[in-house]
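One structure, pasted below without further comment.
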Amino acid sequence: MINLCLFGAGRIGAIHARAANSNADVCIRYVVDVHQPSAQKLAEKYDATVTDVATALADSEIHGVIIASSTDTHADLIELSAKAGKAIFCEKPVDLDLARVHRCVETIKVQKVPCAIGFNRRYDPQFTKLKEAISDGHVGNLEMVTITSRDPSPPPIEYIKVSGGLFKDMMIHDFDMARWLLSEEPIEVFATASCHVDPAIADAGDVDTALVTLKTASGKLCQISNSRRATYGYDQRIEVFGSGGMVQANNILESNVVITNQLGALAEKPQHFFLERYEQAYSLELNNFVQCIRNDAQPLATINDGLQALLLAEAAIESYRTGQAVRLS
Amino acid sequence: MINLCLFGAGRIGAIHARAANSNADVCIRYVVDVHQPSAQKLAEKYDATVTDVATALADSEIHGVIIASSTDTHADLIELSAKAGKAIFCEKPVDLDLARVHRCVETIKVQKVPCAIGFNRRYDPQFTKLKEAISDGHVGNLEMVTITSRDPSPPPIEYIKVSGGLFKDMMIHDFDMARWLLSEEPIEVFATASCHVDPAIADAGDVDTALVTLKTASGKLCQISNSRRATYGYDQRIEVFGSGGMVQANNILESNVVITNQLGALAEKPQHFFLERYEQAYSLELNNFVQCIRNDAQPLATINDGLQALLLAEAAIESYRTGQAVRLS
Amino acid sequence: MINLCLFGAGRIGAIHARAANSNADVCIRYVVDVHQPSAQKLAEKYDATVTDVATALADSEIHGVIIASSTDTHADLIELSAKAGKAIFCEKPVDLDLARVHRCVETIKVQKVPCAIGFNRRYDPQFTKLKEAISDGHVGNLEMVTITSRDPSPPPIEYIKVSGGLFKDMMIHDFDMARWLLSEEPIEVFATASCHVDPAIADAGDVDTALVTLKTASGKLCQISNSRRATYGYDQRIEVFGSGGMVQANNILESNVVITNQLGALAEKPQHFFLERYEQAYSLELNNFVQCIRNDAQPLATINDGLQALLLAEAAIESYRTGQAVRLS
Amino acid sequence: MINLCLFGAGRIGAIHARAANSNADVCIRYVVDVHQPSAQKLAEKYDATVTDVATALADSEIHGVIIASSTDTHADLIELSAKAGKAIFCEKPVDLDLARVHRCVETIKVQKVPCAIGFNRRYDPQFTKLKEAISDGHVGNLEMVTITSRDPSPPPIEYIKVSGGLFKDMMIHDFDMARWLLSEEPIEVFATASCHVDPAIADAGDVDTALVTLKTASGKLCQISNSRRATYGYDQRIEVFGSGGMVQANNILESNVVITNQLGALAEKPQHFFLERYEQAYSLELNNFVQCIRNDAQPLATINDGLQALLLAEAAIESYRTGQAVRLS
């Protein structure tokens, strides 16, 4: 039995708790949250104990921690957990501050504990098949990647204010997918963006509609399209193009039922949002974490991947602010 | 230059005239129709002369005739044209009376003129590809054929009264496709039908919704679905199934534009009716007839195919009337 | 907590056990199987006790039974369980003998226990949406139903020999779907069939490829297409057509990844077989059974539905044998 | 009857000649080409006379000219034809030199003759429907446009050397579509590109794979993806996204036949190249030109559109060379 401590009992914490609970070999022993009622509720659901960080990390029977608390606590919890010798699963982003992320990377290197970052899309069966199709040679030499990633609706403005902005909060997933699929680091980043969805987002200093272009040293190109509001649901498509052809991962629809009449043929919308679309991915991600604890697997996304995605987000922000492309060394 | 005489200047006559005219090697020399204004209008459009049957058939410069007049004139015109040594293209059905069709088959056999029957779907590029896929082995041993064939709306009730009924007028195309794709004669026919679209059709002694099942001696099965009214347009799909897999010819849509919003993803309807859907087929059919006149080709559908399709229609009518399957010898 | 006893620890028993176990309010208390090792294995997995029928039914803490044992035991277990006052979930078919099924129906009527029959497809979210679309008026007056239902490969010949044959074993699901969607009893059944897949199936007195046509009193039509072998996987499509338009439930594919190259655009196959395709349906079916025990719901498929589907299967067999349509009173 | 003179009897000249000839009200009176055999061949096909520029323009019975000769002759022919009072249809690009294009624009303004530029895609029925869907409000406020435009294979290296390069020769169509769909001028252009297809293209100073990002003053965004080689054919897709939803114009396939087997479901490739894909567009474009001559219509693309597209191409070239975004005034 693998014993875990869950830091953070909010929405994403609940997702990981459910995924953990559905793994017969996992026990959620502790739940820690500054908001006691949330901690209490989740603890009851999964027969866990509400406690504090120190107690949880001091318990030698705890094998790993899930860090799903607010972003500003991630780095501290990573360092404390690493020093306590616990395997770490941490939600993205590691931190909004690059220097702080670098220190976490160092700590992990020194403490030699597994540290997985929650880029859940790497575990999605659709994108796994896409990645396999690339490996199997179906696109030949990869030349271009197109990532369409649009949310059904923006988060509350309070969340946006502390999120680090669209590039660090939302597009960071796409930067990670881009790196994963390109298999090569981007060296040039260009970003352009607008605020079309809600002027309050602009007032908060953020954007809600953005295009980013990446280029690698060998000339592979990538374009990313983000919007905080797609009336038709969660739009998650990836297209990879190369010398051999094209591979596309299309949206998964709410059902495969089609209604045809004098207006045309009406198919369903994509699955609404990340809870529905990536339900399997969250489960596979947690199972992978358990295998990492058992030394049977490596995380698909490490803390270094967290750092690299953040570097791209920072470059995109600079590009958007200056209106110029940014080179990465 | 191939000189043709067109019998019948109605809707289907106009289709063939246009197809003929777009072939640079064809001249429509005569138009014959009991309704003089229609003949006149079409003749003017294509620089032809309005005349009568005898004059047209007596003209030794006429190579072939297109019989697109009313069904009750087909058999007479086939026999007269054959005896005048003209190549014949005749719209389906040859005649509503089996004995009469048999006599036409005999005449053609004796006169040795090419005689093509207007089963236009055999010339459709989609179904040609479907047929090729079968020949290329993509379904392995053919085991089942499913034909969905639905009109957007029923013809005028006056037409229905003289049409010979759904099985001889509408499903006859599907019987021909079934024979063409099965490559084997059906020996068992079962038909069931209803009148759902318009009670006037029932009053006229006809049906508007029908399912037919065919079986060949080797056990190949075929199902045909007809309706006189599909709100979404002209539904023309064929699916062929066998030991190797399945090949489907899907509908052609009015465009490939898709509108996606909170309701779902709305694709366009199928092309509205036979004029749009089979425009290319009519043109290829006419070109094939010209090649037949030049002895460069054989008709894809002969007068014997016209006879066989009618035999199936008769069997379906009997099955519908008796409620029992009908065996063909 | 709802306590259940599972009769039958084979493949379908294991499916129901897993579905039951994933419901937090359900406890599988007993497993009964003539093959002790199977019972033992499943019992261990779910912390249940291996016992015999009498002991299980005598336990007053058992609320319901899942009958997933071999078909020849269904009727006895239904009657014993009903008399013991247990709620019953029984796999299809109730029995291969109509008289025996009638007696079960009587027993259930007298004992007044809930009795659900395992027509799992009624619980499938795709078909639920299809049914809702009909209720919501999207097809207008329903006129035709087309059910395509093909297995990836035939079962072992030993299974076929005791299965009751294609019509009672495989197409019975489609008869049930037809009745459910037509919302009216068929009064005419015509069946035609062949043996294309494996001559051993013919030797066993069965067929592997079949078309059935149904007609209701009001003239609604239905066609069913079955094959025991589709190279491309489990083909489960339904199309409903009427005065307002058409609603189709299409296959669910293994993924939505498409590979495009000089050969064309290759989409994935349908999900392989019933375990994958109806995983959600099995879970929802079990949850519905639990709600039935709590008097919070009615089974979507009752023992009477089991009887009616069997009547259609018997009629299809007679039609196939005689070559004639069969009328039902 | 509208009498036209065709300048240029090469591939694109032949396309326009065929489109002109299929319009019953058009007569191609003259064909002019420095390569006499080509002129002769086309002239014979359409009963035209081979002549020289001066003679053609001096003929008062000529209503309009089709300029389909090599790019370096376009500007001269535009000016000569305008001064001779002829309506002008000129293939894109007007000229590779911006100053020269400006002079042509001036001449047209002074001479007041209709001048249509061959941005054929504006006449394509698919894109017309897309444009209508935008006008009809289906995307709400337009926020992003995504244009995927890939050729099946690169042109000969000799053509590339004189073509002006990918941005002026190939992507210029996409710049025009972007302007047409955005209904607002881009003010920011960023281009990134690579040479993946053939090193000879790099040796010729050109690229074969490119991504461009555009932004308008109101913040509308557009991304364009070009490749000179798509193994699967001519990839011509456009997606428009906004506050109301998304409208997509998808590829037209070679047929709608799908082959399904153990590998999956194989649909056909897109129509091979511009001759097939835009056949209808060329015909509608020519018909529009005839209507312009009759003062019954305006060109969908004017010489000013030719100028604006070239300005975007120049900006993209500068952006690619400097690695920085370029602002347009």
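So that you can tell them apart, the chains are marked A, B, C and D in the order they are listed, and the count of residues begins at 1 in each.
Note that in this section a contact is a pair of C-beta atoms (placed from the backbone, for glycine too) under 8 Å apart; a residue touches a chain by one contact, two chains touch by 3 or more.
All of these numbers come straight from a predicted model, not from anything done at the bench.
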Longest centre-to-centre distance from chain D, chain (CA-based): C
Using the stated contact rule, I'd like to know whether C-D or B-C comes out ahead in C-beta pair count. B-C
Report the inter-centroid distance (CA atoms only) between chain B and chain C in whole Å. 42
I'd like to verify one number: the distance from the centre of chain A to the centre of chain B, where each centre is the average of its C-alpha atoms, in whole angstrom. 58
Distance between chain C and chain D based on Cα centroids, please, to the nearest Å. 58
List, in ascending order, every residue of chain B touching at least 2 other chains. 231-232, 244-246, 260-262
Sites on chain A touched by chain D in the complex: 140-141, 143-144, 146, 148, 150, 188, 190, 192-197, 209-211, 213, 215, 219-221, 223, 225, 227, 229-232, 235, 241, 243-246, 323-325, 327
Chain B to chain A touching residues, read off their complex: 231-232, 253, 260-269
Help me check something: in the complex, which residues belonging to chain C touch chain A? 125-126, 129-130, 133, 138, 244-252, 255-262
